[in-house]
Amino acid sequence: MVGPIKIGFVSRQQPESIRLAQMLIYQIESEGKGVTIFVDEDLALKIGREGTPVAEMERQLVDFIVSVGGDGTILRTIHKMADPAPILGINMGTLGFLVDVEPKDAVETLSRLLAGFDVDARSRLKLLLNGVCLPRATNEIAFLTASPAKMIEFEIIVDGALMEDFRADGVIIATSTGSTAYAMSAGGPIVDPRVDAIVLVPMAPFKLSSRPWVIPGDSVIEVRLKLPDKEALVVVDGQTSMVISSKDTVVISKAKTPARFVKVGREGFYAKVKSKLT
Amino acid sequence: MVGPIKIGFVSRQQPESIRLAQMLIYQIESEGKGVTIFVDEDLALKIGREGTPVAEMERQLVDFIVSVGGDGTILRTIHKMADPAPILGINMGTLGFLVDVEPKDAVETLSRLLAGFDVDARSRLKLLLNGVCLPRATNEIAFLTASPAKMIEFEIIVDGALMEDFRADGVIIATSTGSTAYAMSAGGPIVDPRVDAIVLVPMAPFKLSSRPWVIPGDSVIEVRLKLPDKEALVVVDGQTSMVISSKDTVVISKAKTPARFVKVGREGFYAKVKSKLT
Amino acid sequence: MVGPIKIGFVSRQQPESIRLAQMLIYQIESEGKGVTIFVDEDLALKIGREGTPVAEMERQLVDFIVSVGGDGTILRTIHKMADPAPILGINMGTLGFLVDVEPKDAVETLSRLLAGFDVDARSRLKLLLNGVCLPRATNEIAFLTASPAKMIEFEIIVDGALMEDFRADGVIIATSTGSTAYAMSAGGPIVDPRVDAIVLVPMAPFKLSSRPWVIPGDSVIEVRLKLPDKEALVVVDGQTSMVISSKDTVVISKAKTPARFVKVGREGFYAKVKSKLT
Amino acid sequence: MVGPIKIGFVSRQQPESIRLAQMLIYQIESEGKGVTIFVDEDLALKIGREGTPVAEMERQLVDFIVSVGGDGTILRTIHKMADPAPILGINMGTLGFLVDVEPKDAVETLSRLLAGFDVDARSRLKLLLNGVCLPRATNEIAFLTASPAKMIEFEIIVDGALMEDFRADGVIIATSTGSTAYAMSAGGPIVDPRVDAIVLVPMAPFKLSSRPWVIPGDSVIEVRLKLPDKEALVVVDGQTSMVISSKDTVVISKAKTPARFVKVGREGFYAKVKSKLT
């Protein structure tokens, strides 16, 4: 890497994660290689340092951000950036696909990556709700009935053509990256992240012949609620939640800026599926 | 039938259904066979008659109750009775399995049934929430995460043994009758109503090897939430909804009194599946 | 147990299994408790003893038969008996549901069971092919297209009523016991063996709304091929295979005699599912 | 179109199809526009014309080939060409996705297309078996156990990395075009043909966590049988069948030449799914 290295740190609000983050920061600083460290405000409070918002880390062009926690920690961090800095996920006990490094390997891996690293760019989804942009989705945008156990009627229009209309508990619209997250629990296929595609998975559909769909990654998807008196929740990456009704205009397309992940490198996608899904 | 016949009437709150109910009542009364008619309060208001609560119809030992509407109308009506009177469902545009008579056949069918009819008894499920009984379920009891798109951890104990613990959006516990309703959308099997069984279907389970279960109809099922800070909604037959947490005790077993349906008779269960599910 | 104990032995044709069988026989005989041992002919050949056909063990009313191998070994052994003696399965490396004892526990378990044991009776299915009885099925009867990748059209008649007609690669008709075997791979539910039921699972059905069925255990099922020029294979418990065509009459019902298994006792069905399916 | 138009004709061996083919040929010739007609040998025999092999039609650079029959007729015709001429499918009673024209619209559609038409190119799969090329697959290549109801163990290597190893009845490797054919019956997703992808669907997999996969369209896939004593059938587009064992080398990749279909134009892919799958 050219120039002084800048690393950001975020952590799950949980003693173990915070301790590990603190230890990694100490490790880097004690090596005395002139790495500049930024610490997210929540973490900063806990370990007595000055805090830097993630958005400011983005402006400072950090080389990457170390996330200590689970997939949720990573997804929330990415939501705070318009053109996300690469993420390095340290896995604190979850089974997520976004966390690449086991705690016991964290020191060594981090040390190695300071000498240089590659980045894996992953498409995100942009949702315009009445023209206003919600946080880009790294994994998926889920539309769920706001009245539990009462189905909702959707119309999905892709590139101007009616793809499907169905009654269901909801529908998940996922990136290839998100195909192994929520979409998979709902019955979707495993999509290799190299495939430029979007996955749509109906949830508990009334019509038994409904199937998951895989459509082009650059599709423009419109989601419409058909009944005027029903509401749906929109949940982005399991984090942000809003209520919509049949009056709202919802348009989903590929985001201009991808999520980025530091390549830890040893194992590919298939090996990861094998280790996580068995 | 011995003695004077008593018929109850309930209807969906929708002009067409109300008109049909009114027409059927007129038809019976004009035949002058001394049939006593009870009309549920909501319907009574609309057609200018004296209203009788469904629970009072039960006490009056009505021969059966005509429900004009969909499965929801029937399920709500049954919920109001401890030992439910038989139901005759007139189908107003839904695809439900509980409605047996098409509007165009209603007059003729009703006329025929006044001369005598058989009853189909269907097991219901009783839910004790901290020892208090909720309305018996004719179709199913659904446990759904109260935080949309956030999984909840369940433990299912059957007859004292741990059946399964899983992370999922929810779990559906259905009667054989309910196997072709919500449980089926969630991926459950079609269970012949003659099988004395309970069906459990995990919804969007995290563990990909999860499968629907079919267990004995007289099982005692305990549902536990594992995490102290998470809540679930309990929804009975898509109608009643309550919030529970890990502190609550939830025990499900076969109800002492079944739901009853007037046998319309021409077609059996398989023919009904064929006509509804194709 | 009253009277002198009689134990049969069968084994998979594989050195490890034969060695373990031999060791168990030696163990019993060296304890000198007057147990009479019968050894199946294939095993007898390998270990230099006199052989006894399984059917003869049945006539000799053996207390139980020790099967060293996998589920296949057990299923084949049961096929040889009209009113099967109880089976004790020693598990040689498979993931089957019928094998209950791990090799390391075999000596101790066997020793314990010689002092007394309970039996678990499991319904079997009888298939009459043009009135002739094939081996009873402990797990399932599978009907598979005889022309790979070419669908076949089936008609399933249950108790005289058309249950379903479908185009598919095949259909599996399984006992509750067999629900966790082939039927499960094809998408069927887990059926508690206490439920008196038969499971039907279509294989790769053309009609996307097809679902697995659970019907009463005492149903009489007729399977018909609809096209005169197509043939299907009938495979019982993965062992016996016959070809049928649209001219053949196939009737399936509950067998009069069940399969029997020695209860090893420590763990129930749910715990077994948990350990095998995770 | 430039120059004299050349049209080929093939037909299913069934009176209705042959009659329609004959009628369409008569129609074109009676219009006297100098269209040259080639008739496949089987059809030629039935209608008393001179026959031309499909491969010769390809060499003659026919503008397109009219196929009267079902998807099978089309798939067999494409198999006979190295660089397939465009196909126009007249639908004789099947539910296939490749047949675009209903018999009642055939005359008018054909007449219209003689004035000009667009072509839809669809990727095919090439299978090298020990270095020898089998017919390219328009829909799918299926690997099926040669011993019905006995699972086979596969290893799938994609671009040199182990994707998955599994025990199953078989595995389907399909194009996007084939995603709505056999792969769908086996549980695969609907893949928009614009997505450059290959779908892998395990059939009745032993491991319950197995899922369908969607991988890049330019992947190089190696399929290996793991056990030396087991055989599998390779079936290309439901037509060609060969036996392979663990000694054989099987490599699948995108074919250089696509299948081509005459665009009939009125309805898109989503409308077709809607009309075929409901």
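Each chain carries a letter (A, B, C and D) given by its place in the written order, and its residues are counted from 1.
In the analysis below, a contact is a pair of C-beta atoms (placed from the backbone, for glycine too) under 8 Å apart; a residue touches a chain by one contact, two chains touch by 3 or more.
Bear in mind that the values here come from a model prediction, so they are computed numbers and not experimental data.
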Of A-B and B-C, whichever chain pair has more C-beta contact pairs: B-C
Chain pair equivalent in interface to A-D, over half of contacts matched, among A-C, B-D or B-C: B-C
Computed distance of Cα centres, subunit C from subunit B, in Å: 38
Inter-centroid spacing, subunit B versus subunit A (mean Cα positions, whole Å): 40
Touching two or more other chains - residues of subunit A: 184, 207-209, 211, 277
Interfacial residue positions of subunit B with respect to subunit D in the complex: 207-209, 211
Complex contacts: residues of subunit A adjacent to subunit D: 158, 161-164, 179, 184, 188-192, 194-197, 199, 207, 209, 211-216, 219, 268, 270-271, 273-274, 277-278
Subunit B contact footprint on subunit A (complex, rising order): 95, 142, 144, 148-151, 168-169, 182, 184-187, 203-206, 208, 233, 235, 238, 241, 277
